[in-house]
């Protein structure tokens, strides 16, 4: 089975630099895939992408060595399994609040006996190879998002679920949950403390910690802290930022 | 009929700042449309867009006041008329070489008696208004690309065609045609001279001159020279540039 | 943030005339949007539309001042949040049976602290404006469909949920639930009584009452009664009715 | 091979009632196909439809006995042959001006020795049957649009081309060409005379005459005159008209 | 209402030969539909198909007499009802584990009073006929997949649910659940015994038993045993197998 | 620039085994691409594929080392250049009849000074590399189809055009043109003689000869004769053949 290069990076205690695909276009994704990311995550939650389009984005990413991941819209078995069958090598699931939800996430992503994932890796076995069924459980990376107060209260329970590879901090929702305005790159002590707690617990449980960032400076700080999956930028943001700057320069 | 804001700019001798849509996604186009461009051109020639997708991009642009234009793949009446019926307020046609080709271009874009455009403005009359048929001929902007040696030799013939609004310089193809490597923002004397000639002839014929640029600095120089439709940047380039820079910063 | 014109109508105790989009075509939706409706609802439940297509319909509606709404397929957080992120200014959710379901609906549609909606208004902030996050909770209209016997038994509980804007009567399902054949414009005393009860309770709770109708005559009666969101007609029905009548006239 | 029911109607000197599909949605087309038309024409010229979408419309129509036709965007061999391969049983080609253009149209639509159509009826042989190649030339109906002054001047040359089944009057373009505002259901003597001339010539040449209409009343007059392919209405118009009338009734 | 030909076959104790559509292309489905299957099942679980595409596949199948079925991704009411509204004449739902899940499945598929399916058969009434609402409950076939250990333990509870037409064995998942490698055409005694038990229970409860197969030889054995819905082959497998064999012959 | 592996095969006097994609699905293409073909040709002429879909097929093929080619619908510059910009590494153009047509084909495919291809390799430079512009002219393979009587009469003129890589025999059209029924794998002496003549002339001009085949046996004979691009099978045929055989086995 094709190796999951993220797992090799993590084995070497290196951080994966992750890009984000929110534009429903396989061409946009292919451009992204050629820029040197370790992985690209197709965002089916807040991105403008659903399953059928996401498959074409997975194909576009598969023209390169970049690892294809997805964020699913919600903890729903149907879409989780469909995206894995389509060849996602990593899954990020939003708003996991407790151990029971984490267990349901893992169950949807792992074949028996570890979980209850249904068998049918129709594109995954093209991308991963004919021996995908035998190695998928240890190859596919599964992340639970920690972004609610309940999740903070249940970190041990969440992280104790066998088969979970990591947790992923959503700073906007976490901030909202704690009474702050949404946004990335938080400096508020209460939020920094919460983020640090997630990281510390992840290390304790031997899990990978990931986080969403708004600037490369902050993302690099997160790597220095110990985060090993750092997301920075998205196709949608690059378009908006590049266009806004260009127009501003022309109007100056 | 909805006014073509580009024509107002030109009446005031102001330059239109034009963006470029090459990504086949109406969401990408909508992001672009919110960044303050005077106009956006959907590129059906070198962009990854064909008719059916282009209609959704026109709709996305139509959620704002940005003027929607298209570049067609070639001087073919079918696609020219389809894009106008879909509500394009401007058309750029590649590789017009002589007066006869310019006349065919204009004929495809103008209703009788000026041309031979077939009647059926199915979306154009939604976007432009019920009186679109009466005003389309003077509202829609038609540009012939000047980018070949034959075009340089036939500038007067091309620009004498009644119903043509302007000419648009494609620096890459023009450079190729004259024996240089393709690329924007040319400084070679022979190319600068050719570009200046097109501009001078356009002024002489009372036409708008446009040009494709690779940097805002060059684009602003072109405005200073007298170009009144300056293109700079594209959604595809913004993704590539933004992602490449982000990854570089993370790897630094 | 862009105002929700429906809320202004309701503040003035005026009824909103709502059209219905069931055809998966942004062009069909754009035609609809130009006919003067106060709002258009994209039907992801019984219409032939899913998320990816619905986004293009939202864009098409956004070319006009018509307020874009959606009916989701079911009380599922994934699709509810995706449609809000895509810029829906109103949501109608089918088959809300009790207060707990109503609470889950509201939670999916409202940011903290009112609910648990995840943050990422990717297209909503283009359509609504950069301050969408601050005003979304009071701008977006959320309707629970009342169309089952259990819902009739739990009207107070449903309507007491903070953050719910209104209830929407589905006469076909309500009729089925009470043992009648499905269909609109009910005259049976038991059904009229049920509908009147919903309306009275809505007024009591300070909520907007909405209803689906089969004829303009009935819809106007509903407005006279006090309904303030009246749906009448759909793109699919207009095609079928117009074509059937035309063929009939030709065969006569 | 599946019979072309239009040809049977014409053999019995009956008129075919033809509907028009301009909305790029196979569901809209399927609704249309269930309303009793003799044939439906997918409009790739002024409709919002291109090839890939048109194939799904052909499939939708093929769920019924309604005969599927197309109007192509222009006299271009590529799209003509692609639509025939996709199973169109009739083709209407715009703006045929003289015998040479009519000959090119027929050549693109007929297999050797009658024409130069390339062989590969990939969907046509599913729809028409395995013996499609042997019978296509006499089964598929080919119409040249007569809508320009040059066409009026060349009626005999156009109609003398072997393999042409009929001519189809486009009243809007014909009116434009003769100096009138575009529109259907013309009453101006000069236009009526031109239309009558086309009809008379068609009868003389043993061809079917068709015409586009704006009302059933006019369409029925055209049948009485002798037209045997009368188009009336379109999915796009039914949506617009139905919605406009509904909103008007609600606002009254 | 259009008859469900599968139900006629089963009334005559004949087996239905069922094909499988996993490729998201209405053209691929139309090719399949012309090859003589009794039914075709569009796989929204492991196939590369979601709702919007599935509708076009249903249309493609509807050009023939082949019965259109779907396998849904999961026991989720939203997609179950959407597929039925789109005209599926049969539904297969994965991973039904007990009577309560079977009851939820049936409820989503049956109109009151038998279930809680919401009313709006938008395409189903085109395909099935205007009297679809009156006959859908007895016409549409509903299958629960038996493929987990829990399901084996709850066969009577599952099969006792009124309104269920049959059970469908997924041999791969069943094998996984019992500790074997996934795959079709099982010969292991424990698996054969489990399969036989499902079949025996189905006969006892008067239900149709179905099964997925990997070879025609095994499928025919299953028919001989008493299975009445046997699936064999898929468009995706035919492409892979045909291409692999062709390349092998060329390389030999 | 990424090497064109076909050119390496031809340099070693080896034949390329070419598959054919006629199904408009990137997933179908990806399945094909994993079966070991030297190249895959996306058929935009008789296949059910147009530009926008073809791009996704190119992406799917690009996930493997298989060389992506296209057959365009017709000798039209717009689509030729768009497909090259999209990354096709080979082009087959139907119905080239004489040297002038061959010259137009080559001109559309080659950058100056060899031809007049317009510059903008938007996806080609992702797939081929940043130095695509410098090497495209010698990397991209251009084939003219020889399949008409006029082409047979003009073989020397066609093959003398500088920049043409090869000729490709379309046996069905060639047979039609010479008065035979269409079909592959011709044995008629007149047709064999014509095919042999094309091959001999190609060798004489130093060009690659290609041919479409209906069976591996015939294709291998063609290789033995000297053809170096042999097409055999297509996704559409594999589906039809596999399904037909499976159903036949079940009915036996």
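Per-chain residue numbering starts at 1, and chain names A, B, C, D, E and F are given in the order in which the chains are listed.
In the analysis below, contacts are C-beta pairs under 8 Å (C-beta built on N, C-alpha and C of every residue); 3 or more make two chains touch, one makes a residue touch a chain.
In this text the structure is predicted, and so the values were computed from the model without any measurement.
Any chain bridging chain B and chain D, meaning touching each of them, is among C, F; the list is complete. Hopping across touching chains, the smallest step count from chain D to chain F is 1. For chain pairs A-C and A-B, the one joined by more C-beta pairs in contact is A-B. One finds 41 Å separating the Cα centroids of chain A and chain F. For the pair chain A and chain D, the distance between C-alpha centroids works out to 52 Å.
Each of the following residues of chain D touches two or more other chains: 24, 27, 31, 34, 48, 50, 52, 55, 76, 79, 123, 236. If touching chains are joined by edges, the resulting network of the protein chains shown has some other shape, matching none of path, cycle, star or complete graph.
Here the chains touching each other pair up as A-B, A-C, A-E, A-F, B-C, B-D, B-F, C-D, C-E, D-E, D-F, E-F. Interface residues of chain B facing chain D in the complex, by the touch rule stated above, are 50-52, 55, 76-79, 81-82, 85-86, 111-113, 116, 118-123, 133. The touching residues of chain B, counted against chain F in their complex, run 22, 24, 45-50, 52-53, 72-74, 76, 79, 94-95, 147-148, 170, 172-173, 176-177, 179, 181-182, 236. Partner chain B is touched in their complex by these residues of chain C: 26-27, 30-31, 34, 55-56, 59-60, 62-63, 123, 126-127. Put simply, chain F touches chain E in their complex at residues 17, 19, 23-25, 27-28, 31-32, 34-37, 48, 216, 219-220, 230, 232-233, 235-244, 246-251.
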